[in-house]
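Think of it as A, B, C and D in the order they're written, each chain with its own count starting at 1.
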Amino acid sequence: MADQEAIGFVGLGRMGEPIAWNLLRAGHPLTVWNRTRGKGAALVAAGAREAWDPAETGSAGGIVFTMLSDDRALEQVVGSRGFLERLAPGGIHVSLSTVSPETSRRLAERHAGEGSAYVAAPVFGRPEAAAAGKLWVCLSGEATARGRAVALLRAVSQGLFELGDDPGAANVAKLCGNFLIAAAMEAMSEAFTLGEKNGIDPKTLADLFGQTLFACPIYQNYGKTIAEGRFTPAGFALPLGLKDMSLVLATATSSKTPMPVANLVRDRLLTGIARGREDHDWSALSLGAREEAGLTRRPEPEGTGS
Amino acid sequence: MADQEAIGFVGLGRMGEPIAWNLLRAGHPLTVWNRTRGKGAALVAAGAREAWDPAETGSAGGIVFTMLSDDRALEQVVGSRGFLERLAPGGIHVSLSTVSPETSRRLAERHAGEGSAYVAAPVFGRPEAAAAGKLWVCLSGEATARGRAVALLRAVSQGLFELGDDPGAANVAKLCGNFLIAAAMEAMSEAFTLGEKNGIDPKTLADLFGQTLFACPIYQNYGKTIAEGRFTPAGFALPLGLKDMSLVLATATSSKTPMPVANLVRDRLLTGIARGREDHDWSALSLGAREEAGLTRRPEPEGTGS
Amino acid sequence: MADQEAIGFVGLGRMGEPIAWNLLRAGHPLTVWNRTRGKGAALVAAGAREAWDPAETGSAGGIVFTMLSDDRALEQVVGSRGFLERLAPGGIHVSLSTVSPETSRRLAERHAGEGSAYVAAPVFGRPEAAAAGKLWVCLSGEATARGRAVALLRAVSQGLFELGDDPGAANVAKLCGNFLIAAAMEAMSEAFTLGEKNGIDPKTLADLFGQTLFACPIYQNYGKTIAEGRFTPAGFALPLGLKDMSLVLATATSSKTPMPVANLVRDRLLTGIARGREDHDWSALSLGAREEAGLTRRPEPEGTGS
Amino acid sequence: MADQEAIGFVGLGRMGEPIAWNLLRAGHPLTVWNRTRGKGAALVAAGAREAWDPAETGSAGGIVFTMLSDDRALEQVVGSRGFLERLAPGGIHVSLSTVSPETSRRLAERHAGEGSAYVAAPVFGRPEAAAAGKLWVCLSGEATARGRAVALLRAVSQGLFELGDDPGAANVAKLCGNFLIAAAMEAMSEAFTLGEKNGIDPKTLADLFGQTLFACPIYQNYGKTIAEGRFTPAGFALPLGLKDMSLVLATATSSKTPMPVANLVRDRLLTGIARGREDHDWSALSLGAREEAGLTRRPEPEGTGS
């Protein structure tokens, strides 16, 4: 595996670290950087090199992956001293973060201006899926660069979807996916509340629909979570959900697309934060429908999540 | 199979007829009735008997299934001359129609008052699923009667869900399911519209989500329909969808349950009818989000549906 | 005033009684009936006659006013023994209640079939306005009958609006008015909540808008009520508001008119009832927006309303 | 009047120019600046002085008014060379623009840091009201500076509302006001559409409510505009309405305040732009409800507005 391409990796959070591990295991010499130092210790112990700054993860014609928490963190890395210069000419920045399509379009122009390429490659899947190399990846950006990214991303994913040359397209698809999940959670919550007020245990309905009309993991897993009211610890925290729904609505506004269900789920998340649920999973947006119907929280499950 | 229980069947529409066939094929002597006479001709040719009125399909201690278009049609059959009298004592009325829980509760009382039992047994699945004996059935009502119904319904279903003694419960579950389907269609429509206004073909997103996050038939099939804009001929006509969402909201109002997504999909269906789409499939509710975003209908697919 | 026309009056509730008083004071011989007997005692002491049943308030070619709580109460009076027969031929039923346009249309046909006429004449104004003869009245129905009603209604109103021959039209206008009030309350509540969460006392905003952009009683009075959170005792109880918004939405559904703000205010009222506020004024619908924003109720005003 | 305080004025658009005239007529020596030069010609002919840049309109301890189109234009003026330096120490910037409270808070800090003060003073009223000195002004910011601003603003207003020391408070109040107007327009549109689909001319309802429940100019004027469908020429263009509703929602999001009616009116405005109505008055948001109900635009009024 000595001839595997060297890779830089910036951002070793809950999603970034397992992806970096999979790239290392696939035989790629790996240089990592994380804002909080020390996060890469295990990777370094396994052979990765730790860089002093983001720029050092790159090299002319090389490849750098980033997995950061939001648009601003991504823009800071790209704008950090030497980052763009080191990648040129011919380098590729594979941006895994969930950011706005506008940010991707703007960053793609900046990279092109410096002689490198930006590929948007946001992913679907939780940390466990990342660890198992079972992410779904959406890709968009300049075609040749995209092709190089595809080859590398196979090591971390169970499927890749190419969305063309517009670097923002993959981010739009990713935001659409997160919106669809939130919409499904809201719909389940309304349905389960209607059931509960008519004497049906929400767990019965979650089971029923998870086995029949909606036999897919999103409905099965979130349906169970919602029916049981088990929102801590968070798999994907409520404020992150709010960030994503805000990106959805910003994209909707700039493209003149009314999205009433997106408005609603954004509001449910605002209510969640207004009621002190920052540490809850974003599926706690489902409490909105229950509470409007006069149902109070179930006594047991809170805090018993392990 | 000569010892199979005799069954009455009222309502030979698109759903009722294939269910009746499966009961006949399972060896049950069958007596059928339909408001428009002649619908049962093929069944009669295959050995069923045609009754002169709904009452004649029943007998003391016997079993009658009904599959009717709405609450009113069901109440007319139950109220028709001799219907309740013929079933008593000990007969069972297995009501497959999608009606309001209130109607089921009221009818269950009427049956009990006459010495028979009413079991609500609404089904999920389109006519093809009914023909294949692959329906999902929700059941509720008095326990002994429910047990008898379960045994017979195995012939027409791939799964049965018992929801307890409240005769309305199965109807609540059925309405929740149809609501969840409508909500998923609205959400997909908003997402696909956002994609389309950002240069992504809706079919690409329908594929992507149908293979990944939402790998289940509702998203796959309706996703394709919505992405292609292929709403005729209708599998389940828009006015029927409006009827069901109106039942959802009536149930929500009587049980004091705000359901904002249900309001929205009801309004989308109203818009569909206001724009002359009575003959479209209910998935045409998805046009609302597109049109609000200034997208006009795709030129080709309309009318090319076969 | 001895030659003033004799009048029957059915329904001596909070609105009906002051209207009846004004008709009596205008010199009309008055025959009253109320479901709960004894409510008319003061009127009788002042010269009115109490009837034994609704029918007795009418006479051939005469005029009967009704002011009842809902569609059902109105239909019961009209259907009561002898009511329609006594009015014919040539009598007029002036229906002041807030009911659905469908009910008015149906009742108008029934009256016409018996040789009398039904005029819908719903009113705007609270009991104090009724006592002061300062109601606003909407009228619709057959033109000649409407003309007779107009002459009599001057005694109880500060303004009359004729809406043509369709007997349902006046009810549509009345429902529109109540909807506009509810919508204004919801909008104020959202605005005041936004202010409160940004450090501005709701009373300051209520004052500001009541003096400037919205210098009209609805905004001034309800604005103050909402800003102070003073919802008991009820001027117009929350369940009555729900009844009216349900009529709005039933009319909207039958005429294929999506009304998203009406959906919202209906849901706010449902939440109010789900949270045990049946005895609150319908302006308590404004608590919905506050509570979704994580604001709890102000400690003082509750219960201090006098 | 020779002892009237000298004033700088930046921004001579549709609102700024008439305000500047009133200040000039009140006897204040006036120095004006506008991005597009020449807009101040008439003012200069009447005695005002035209500055070469925004900074030149100010002086140590002096007063500068600004009336600009949006947050960005305001930030550019404040950030322009010398602007803040010229005002210090002791100068006051009276900011009349409709901007976000966040912008006001941030700019107030910047001014304080340089030794001057920022007073937010957004106004209600259209250009004619500005010309007549009949604006309503909301004020907030540091108390002494606010006091000086109040004295000067009497010349341009019929009423002043002080909202305390938080410089963002006046902007919140202004945004609330514009939101209430938009909400009233949406509600009227839904009501008039319900009426129209039940055979009632929208003009009849606009009249009725403008004379009774809502006898205030917002309902009377916008009611007439909406009922007549007369949206051009624009008094306040649709994209400006969208800008304001976006500020409302950004403020709502940052203060965790769900505002469902604000979501709705924002979406109506998005639809308006998606359908090519950028040149329409923002009251054209009312077309959304009509079009969802299947009503097409009235043929005549478009373009006949004069």
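Heads up, the rule we're going with is that a contact is a pair of C-beta atoms (placed from the backbone, for glycine too) under 8 Å apart; a residue touches a chain by one contact, two chains touch by 3 or more.
What you see is a predicted model, and the numbers here were worked out from it, not measured in a lab.
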Far-end chain from chain D, centres as C-alpha averages: B
Cα superposition of chain A on its sequence copy chain D - rotation in ° rounded to nearest 5: 180
Interface numbering overlap (same over half, different under half) for chain A and chain C: same
Distance from the mean Cα position of chain C to that of chain B, given in whole angstrom: 40
Approximate Å spacing (C-alpha centroids) for the pair chain A, chain C: 53
Chain A and chain B, separation of their C-alpha mean positions in angstrom: 38
Overlap residues in chain B, where contacts from two or more other chains coincide: 252, 256-260, 264, 267, 270-271, 273-274, 292-294
Residue ranges of chain A touching chain D (in the complex, touch as defined): 246, 252-253, 256-260, 263-264, 266-268, 270-271, 273-274
Chain B partner contacts - residues on chain D that touch it in the complex: 260, 267, 270-271, 273-276, 288, 292-294
Chain A-touching residues of chain B, taken from the complex the two chains share: 101, 124, 136, 138, 159, 161, 163-164, 166, 168-169, 172-173, 175-177, 179-181, 183-184, 186-188, 190-195, 197-200, 204-205, 208-209, 211-219, 248, 251-252, 255-262, 264, 289, 292-294
